[in-house]
Amino acid sequence: MAQVTVTRRLQFNAAHRVHNPALSDEENRRLFGKCNHPNWHGHNYTLDVSVAGDIDPRTGYVLDLGHLKRIVETHVIDRVDHRNFNLDVDFMQGTIPTSENIVVAFWRVIAPLVAPARLTRLVLWETPNNYVEYEGR
Amino acid sequence: MAQVTVTRRLQFNAAHRVHNPALSDEENRRLFGKCNHPNWHGHNYTLDVSVAGDIDPRTGYVLDLGHLKRIVETHVIDRVDHRNFNLDVDFMQGTIPTSENIVVAFWRVIAPLVAPARLTRLVLWETPNNYVEYEGR
Amino acid sequence: MAQVTVTRRLQFNAAHRVHNPALSDEENRRLFGKCNHPNWHGHNYTLDVSVAGDIDPRTGYVLDLGHLKRIVETHVIDRVDHRNFNLDVDFMQGTIPTSENIVVAFWRVIAPLVAPARLTRLVLWETPNNYVEYEGR
Amino acid sequence: MAQVTVTRRLQFNAAHRVHNPALSDEENRRLFGKCNHPNWHGHNYTLDVSVAGDIDPRTGYVLDLGHLKRIVETHVIDRVDHRNFNLDVDFMQGTIPTSENIVVAFWRVIAPLVAPARLTRLVLWETPNNYVEYEGR
Amino acid sequence: MAQVTVTRRLQFNAAHRVHNPALSDEENRRLFGKCNHPNWHGHNYTLDVSVAGDIDPRTGYVLDLGHLKRIVETHVIDRVDHRNFNLDVDFMQGTIPTSENIVVAFWRVIAPLVAPARLTRLVLWETPNNYVEYEGR
Amino acid sequence: MAQVTVTRRLQFNAAHRVHNPALSDEENRRLFGKCNHPNWHGHNYTLDVSVAGDIDPRTGYVLDLGHLKRIVETHVIDRVDHRNFNLDVDFMQGTIPTSENIVVAFWRVIAPLVAPARLTRLVLWETPNNYVEYEGR
């Protein structure tokens, strides 16, 4: 059976501040520069959700991408879109909201929901010039 | 003499909240929906700055784009990048920070600085799916 | 009052065949080449809808882009998305479904619906390498 | 010897209908929604063809990308561009023309033709928001 | 009759050096910085060619875009692609090869060739962050 | 510990000529066609630099992307931007400046500089339609 990977791209925007509350304000400024600005800043994030599996001969699909879209919208996008990662997102509490930590937190939410396909990769673009990838390892 | 328009694209990101303080919270929510979220949200903005003029026969330029970039960075980008439009940007005070109002405010800052070329158009993308244009009228 | 133009980008996909039923098959093939293929072909279309007007001081908007999106989705996108321009779209009947004719037909549908703003430009991308524009003249 | 992967991007557009002829019309509508529309719809597809191998010290190439382009155009693009996947494409007969099945069928055509390089990945974008990948496993 | 503008996008790449031979080397370095580098540098240029006119009721076209593509390829792209603007392009001789001068020179070549449509705009992207426009005035 | 990959995209432009000095002019023309043009041509290159590692719990970063950007700018971009790959770039001497050879040479420069993260992938786009990838093997 052919193993194919299918990807759905979704967009959201959010505010955040890169800040470690265990460190002093001065140390935060030194480590994070303008990303530590106390009045927040924000991004248009682009999220690529990739799942892999066999092609179902009845549908020709690995997974209905409309179904995948609804799962990710309900469980991730609707909880972060037009929100503040530091203040509003329960599954990010206790974590510095860098793209690295965001993508790992998203993985934990999405991975259990895509069976019988397998979540194989998340790519999160923070700006047109930087992105992070996580493959669950 | 040929009149040519030259454009420099710049990027910044910022937080904002679409909110009219003269209206009730309920009216703000009704008018602006999730864009009124009290804990802010944000965007990667793309700004296209267009100036027109004759081609200088000595340089082949309408205006040195490196010079235009430095003007816009100093007078606009450095005052809004990684900032909060509602709280941090002096030239936006007293204004609802919609893209429409932002682009008009940017015009007032940039237009006097590009002589002998003329500022002819500003385009501001707020997301990959919406943008505003202003031509100074 | 500042006149600002605001644009909402929307996507749809559709099948079509460039064919003039008043001409012979041979003449159609000669004029339209592979675009005349009898079993149809299709495109992911991108539509930019631009409206202009004064900024409403109460909202900071020319027109609520969410409202503009819903108008265009209801009256245009839902009638053409995943459809066949030659067979399924009532407002295209009797017209060769080139991008030129599509954009003029879209104008007639959208222009009456955006008051008090004015529809000022439609841009329709048929492929990443060609697009048409119409300003209602 | 360094193993480098080189990729050529190509575009085509085509019509299709996601439909399983072994199922009832009602079941097809339930499974595939608007993608099952009987009068077809279509897409601008983007195909990324990746091959890997040693760098030839005489040319500095893994494989001449002009050669790769001609192979893919002759054996794939010219057989699907401006065509209908359900009606016109011999190597798709008996298969539901989803992106998953298309990319596997393309692999079978292209893989034997790129020696001594190896075909390592095909990526097929159906819209700007979804794509499939196949690595031959 | 509706006046529609149709645009064809084309790509080419070329080397150049921004240099005014009437000035000293020192003055050239001061004016043009790294763009004056004596061993050349280069760009992937993107050219958007826009023509306007009535829609021909027989074809639904303002101008067959395949025809427009061939005209521009023959008379412009084939004379500049994989060439050096300073050394190889006859219609640029005696001119500093800035984007401003290139776009005006292209206009003079293309404008007489698109009748009965009218050339209305050329846009030339030199990098993803800057472009020039010329409308023949 | 989660292993995340972070990527920074950078741009530069340069001239080159695909030419093997060990071969005759005729053989070079036959092998490389217009890419062998003696007066050079050039490209806007896009480089994606990917590093992987554990997320540092103190910063939430695998590696500060500002730091990665400065490393790559200092050691790669500043040595190739607005330069000629054949004539000006010391670490490319003795090598045909194809994208394949460029990406391997970049790897050798960048890989030692990103510890404790690991360089895992370089992607180099030469045009919007072709790119090469190298993973250090």
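Letters are used for the chains, namely A, B, C, D, E and F, taken in the order the chains are written, and counting of residues starts over at 1 for each.
In the analysis below, contacts are C-beta pairs under 8 Å (C-beta built on N, C-alpha and C of every residue); 3 or more make two chains touch, one makes a residue touch a chain.
Please read these numbers as outputs of a predicted model, since none were measured by experiment.
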item	value
Other chains in touch with both chain D and chain E	C, F
Chains in simultaneous contact with chain B and chain C	E
Inter-copy rotation, chain B to chain E, in degrees (Cα atoms; steps of 5)	120
Most widely separated chain from chain C, with each centre as the mean of CA atoms	F
Chain pair equivalent in interface to B-C, over half of contacts matched, among E-F, B-E or C-D	B-E
Centre-to-centre distance between chain E and chain A (centres being mean Cα positions), rounded to whole Å	41
Whole-Å gap between the CA centroids of chain A and chain D	28
Chain A-chain C separation of Cα centroids, rounded to whole Å	34
Junction residues of chain D - those touching two or more other chains	128
Every chain pair meeting the contact rule	A-B, A-D, A-F, B-C, B-E, C-D, C-E, D-F, E-F
Residue ranges of chain C touching chain D (in the complex, touch as defined)	11, 13-16, 34-35, 37, 39-44, 81-84, 87-88, 127-128
Partner chain A, residues of chain D touching it in the complex	18, 20, 23, 31-33, 95-101, 103-104, 128-135, 137
Complex contact set, residues of chain D against chain F	2-10, 50, 55, 58-62, 64-66
